[in-house]
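Quick heads-up: structures coming right below.
Same chain, two partners: chain A is paired with chain B first, then with chain C.
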Partner chain A sequence: MNWLSDDAITRLQAASALPDLAGTRYRIIQRIGSGGMGTVYLAEDATLGRRVALKILDFPDASGELAARLLREAHILARLEHPGIVPVHDAGTLPDGRVFYAMKFVEGQRLDRLIVSMGAVSDRLRVFQRICDAVAFAHARGILHRDLKPDNIMIGPFGEVLVMDWGIAKILHQPPESAAESSRVARDAMARSAVKTGHGTILGTPGYMAPEQARGDVERLDERADIYSLGAILQFLLIGSAPAARAVVAIARMAMAENPAGRYASASRLSEDIALFLDGLPVSAYPENIFQKAARWGSRYQLAIVLVLTYLVLRAVLLIWFRR
Partner chain B sequence: MNKIVYGLVLGGILGIFDGLTAWFTPAVRSQLLGIVVGSTFKGIIAGVLIGFFARKVNSLPLGVLFGLGVGLLLAFGVAAMPSTTGEHYYLQIMLPGGLVGLIVGYATQKYGSRSPASSVRT
Partner chain C sequence: MTSNTKIGGRSGQFPITRWSAILAARSKDSSERSRGLEAIAAAYWKPIYKYFRLRWGKSNEDAKDLTQEFFTRVIEKEFLNSFDPAKARLRTFLRVCADRFLANDFKASKRLKRGGGVQHVSFDFGAAEAELSRTKTSLSGAATPHAMDDFLEKEFIRSLFGLAVENLREFCAGRGKEVHFQLFEAYDLAAEESDHAGYAELARNFGIATTDVTNYLSFARREFRRIALEKLQEMTASDAEFRSEARALLGVEPK
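Entry: the complex of A and B
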C-alpha cells in the first residue's frame, strides 16, 4: 500500500476546502484572504469577462445564521452606492450550499500597510476626508459600520479610498426614499437576512471601538460610535508623520471623546473641521488664543506677506535711487 | 480664492503702498489722498486683468511678462496725464507700476484656483 505524502495531503485538503463553483459564472483564480465569516477569493466572472472578489462562507451554514449575516452584508453594500464603498455585483448560494456574494475586486493596499509610505500630513488628512465622506454617506442611509479601522480601508492604485468589510454593520433606520423605492421582494430579503445583535454582545476591534460599543451597549449605539473609530483612525494616520498641528490632535481628541455627546455630531462635521484645517482656517475643536490666531494667519497668507514685503523693499530701493 | 480675486486683492494692496510712497516726494505730498486712491484703483484694474490672464494662460514666464506689461501700460497712462507743473514723472511712476504688475503676475500664476468660484469654505 502506498502512503500519501504530507505535501499531497496538504494539496488535497486545500482542494477540498475550495468552494464548488460548478454551474456558476465564476472561476476561482486565487485566495485573497479570510475573515471571521468566510474567505475572499479573486475570481473571474466568465459572463462579463472581468475580475471580481468573491466572499464565500467557509462551509454550508446549517443554522443559517452566518449565511444570513453574509447576505445581510451584501444587502447593506447594495444599499450603499458610493465611490468610497466597494460595490456588490451579485449574491447567492453555490451548488455546495455555501452562501457567497461577488463584489468589485480592488487592487490596492490596506491603509495599515500603506501608512509607512504615506507622505505629508495634508495628504493623509485628504485620505481621511474621503473615509469620512463614505461613512457620512452610510450614516445618511441609516447604516453604522461598527468596525472602522485601518485594516478595513483600502487605497487603490489611483488613490481611490474604499471602506471595506461591512460584516458587522448595524441598520439604524430605513431611509424614506429607499423605503419608497425598494421593491417588496428586496425588502423581504432584507428582513429575512436581518440579524439582531443582542444586548451585551461585543463586536468591533479594541482600540478603534467606542467605549459604549466596548461595553456591549448595542441599543445605545448611533453614528457617534463610528465617529469615535474615525478619531482613532485619524490618530493612527498621524503616527510617524511630522509633529502634527495641535488643531488636528484636538480634532482627533474631540472625535474620541469618552462621552458620545462630546464628539462630532456627524462624520460630515468631522470632515468639515479637517477641511477648515487644510484651508488654514480655525477648527471647532481647537479654540485659539490671539497669538495662535496671528501665527495661523501669517502661515495662511505667507506668500502674500512675502510679496508685499518684497515690493516694499524694492520700492525703498527705487526711492533711494530717485533721490540720488 | 480664485486667480481674479487674488489679483484684485494683491493689486489693491500693492496699489495702496505704491500711492503712499508719494509721501516721500514733498512736491506732491499735498495730493497724497488722490494719489493713493488713484494708485489703488490702478492696482485693482491691473490685478483683475492679470488674474484673468492667469486663468486663461498657464505659464509663469508669460504671466510675469503680461503683468509687467499691464503694470507699465497703466502707469504710463497715469504718468502721461497733464500735470499743473507740466512735468511728467515717467520713470518714478512707471517703474513701481511695472513692479506691481510683475509681482501680481507671478503670484496669480503660482497661486489661486482656476475656477471662477472661490474654493474657500465659509
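Entry: the complex of A and C
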C-alpha cells in the first residue's frame, strides 16, 4: 500500500468534499467563496458552453431548513428580473443530495473592496442610485433584502451594479393574483420552502441593520428597514471622498432615522433625492435657509453667473471708457 | 429560472453498505465477531504501532510485539464490549486502552503472542516503519491528550484512505479502468502539491483528451469517496457517529 503524504490526504479530503456533479451539465472550475448557507463555485455549463456561478449547500441538510432557505433564495431571485439583480438559471438537488442553484457568474468586485479606487462623490452617488433602483424594484415585488451592505454589492467590469445575497430576504407580499401561471408556480414553491423567522430572530449585519431589525422585531419590518441599510451604505460611500455636501449627509441621516416613520417612504424617494442633489436642486432631507439657497443657486449656475458678471464688468468698463 | 430539477446521478446519494465492524466485533456469532475485529485491526494497527513508537518511545521490535499483543488483548478480553460510542470515538477509546495496556497488563504479563487472534490481518511493520520516517508529526512524552487524539485521528485518516485507495485500485482493475486509477494516482496521490503534472500534461502523457482527464479523475474521486465512506461506516457504531465522522474527516454528509 502506498504511503499517503499529508499533502495527498488534504487533497483527497478536499476532493471528497467537492459536490458530486456527475450526470449534471455543470463542471466545477474553482471555488469562489463561501457564506453561511453554502459555497459558491465557478462552474462551466457544458450544455450552453458558458460560465455560471453555482451556490451549493455544504451538506445535505438533515432538517431541511438550509435547503429550503437556499431554494427560497433561488425562487426570490427568479421573481426579481432586473438588471441590478443577479439572474438565476437553474435550481435543484445534486446526486449527493446537496441543494444548489445556478446563477450568472458576475466578474467584478465587491463594493467594500472597490471603494478605495472609486473617484468623485458624484460617481459614487450614481452607483448608489443604481443600488436604490434595484432595491426599489424588489420592494415593488414584495421582497425585503434585509442584509444590504457593501459586501453584498458587486460592481461589474462595465460598471454594472448588482445586489447580491438574498439569502435572508423577507417576502412581504405575493405577486398580484392576476399574474401569470408561472407566478402561481413560483408562489407555491416559495410557500413549500417558506422559512420561518419568527419574532426575536435577529438576521442581518450590525452597522447596516435597522434598529427594529436589530431588536428582532421581524413581524413589523417593512421597506424602511432596507432604507436604513441604504443610508448606511451611502454613509460608507462618503468615507474617504472629498468632504461631502451637507445635503448628502442629511440624506444619509434621514435614511438612517432611528424611527422608521422619519425615514424615506421608499427607495425610489431616496434615489430621487440623490438625483436632485446631483442636479443641484434642493433635496427633501435638507431644508435650506436663504443663504444656503443662494449658495446652492450660485454653485449650480456658476458658469452663467461668471459669464453675466464678465459681461456687466465689460459693459461698465466700456461705458467709462467712452465717457472720458 | 429555466428549470428546477432533481438531477439523477448514477447512484443517488452515496450508497453505503450498512455494516459496522464495531457492532460485528461485539456480536455473539464468532465468525461475525472475528470479521469485525479484523476490520478494526486492519484500520487501526498502523496508527497504534506509530503511537507506541512516537508517544511511548518504544523500539521498532518492542512496538511490533506490543501492537500484536494489543490487538490480541482487544479480542481475548473483549475490550470493545465496554466501548460506548456516545462517550468517545473509537480511536480515543483505543488510545486509552493502549495506554492502560502499556501501563498495566503488558508490564505484568510480558506474554507476547505474535499474530494472536488477528491472523488474517497483514501487519507489514516494515512499511509502517518506513512511513514513520516520513511522518512529520512528533509526539513527546509531555504531549497532551488532545495532541495524542489529533495524532491518532491523522494516522487513522491516513490508514483509512490507504485502505480505500487499495480498494479503488482493485475496483478500477476489475472494470478495465486502470487509466482512471493511474490518473488519480498521478494527480491526487502525488506526495507534494507541486509534484503532480497539470491536466494538459497528463493528457499528453496518457494520450487522451484533457476533457477525458477531467472525467476520469471525476470518476475515480467519486468512487474513492464511496469506498472511503464504506470504510468509515465500518468503523462507526451508530448512524449519528457515522455522519459526524463523515463530516469531520471527509466533509461530506452521507444519506
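Assume the second predicted complex is superposed on the first by the 301 of 324 C-alpha atoms of A that agree within 3 Å, B and C clash if a C-alpha of one lies under 4 Å from a C-alpha of the other, contacts with A are read in each partner's own complex, and residues count from 1 in each chain.
Criterion: contacts are C-beta pairs under 8 Å (C-beta built on N, C-alpha and C of every residue); 3 or more make two chains touch, one makes a residue touch a chain.
Note that the structure is predicted; figures quoted are calculated from it, not measured.
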{"item": "Contacts of A:Phe322 with chain B and chain C, given as first, second, both or neither", "value": "first"}
{"item": "Partner chain in contact with A:Leu312 - chain B first, chain C second, else both or neither", "value": "first"}
{"item": "Contacts of A:Gly216 with chain B and chain C, given as first, second, both or neither", "value": "neither"}
{"item": "First, second, both or neither for A:Gly35, with chain B first and chain C second", "value": "neither"}
{"item": "Which superposed partner A:Leu303 touches (first chain B, second chain C, both, neither)", "value": "first"}
{"item": "Touching partner for A:Ile9 - first (chain B), second (chain C), both, neither", "value": "second"}
{"item": "Chain C-contacting residues of chain A that also contact chain B", "value": "none"}
{"item": "In the complex with chain B, residue positions of chain A that touch it", "value": "272, 275-276, 279, 281, 303-304, 307-308, 310-312, 314-315, 318-319, 322"}
{"item": "Sites on chain A touched by chain C in the complex", "value": "1-9, 11-18, 20-24, 27, 58-60, 62, 74-75, 77-78, 88-97, 189"}
{"item": "Residues of chain C that touch chain A when the two form their complex", "value": "1-14, 124, 127, 130-131, 134, 136, 154, 157-158, 161-163, 165-166, 185, 188-193, 214, 218-219, 221-222, 224-225, 228, 243, 247, 249-253, 255"}
{"item": "Residue numbers on chain B that touch chain A, as the complex places them", "value": "9-10, 13-14, 17-18, 21, 24, 91-92, 95-96, 99-100, 103, 106-107, 110-111, 120-121"}
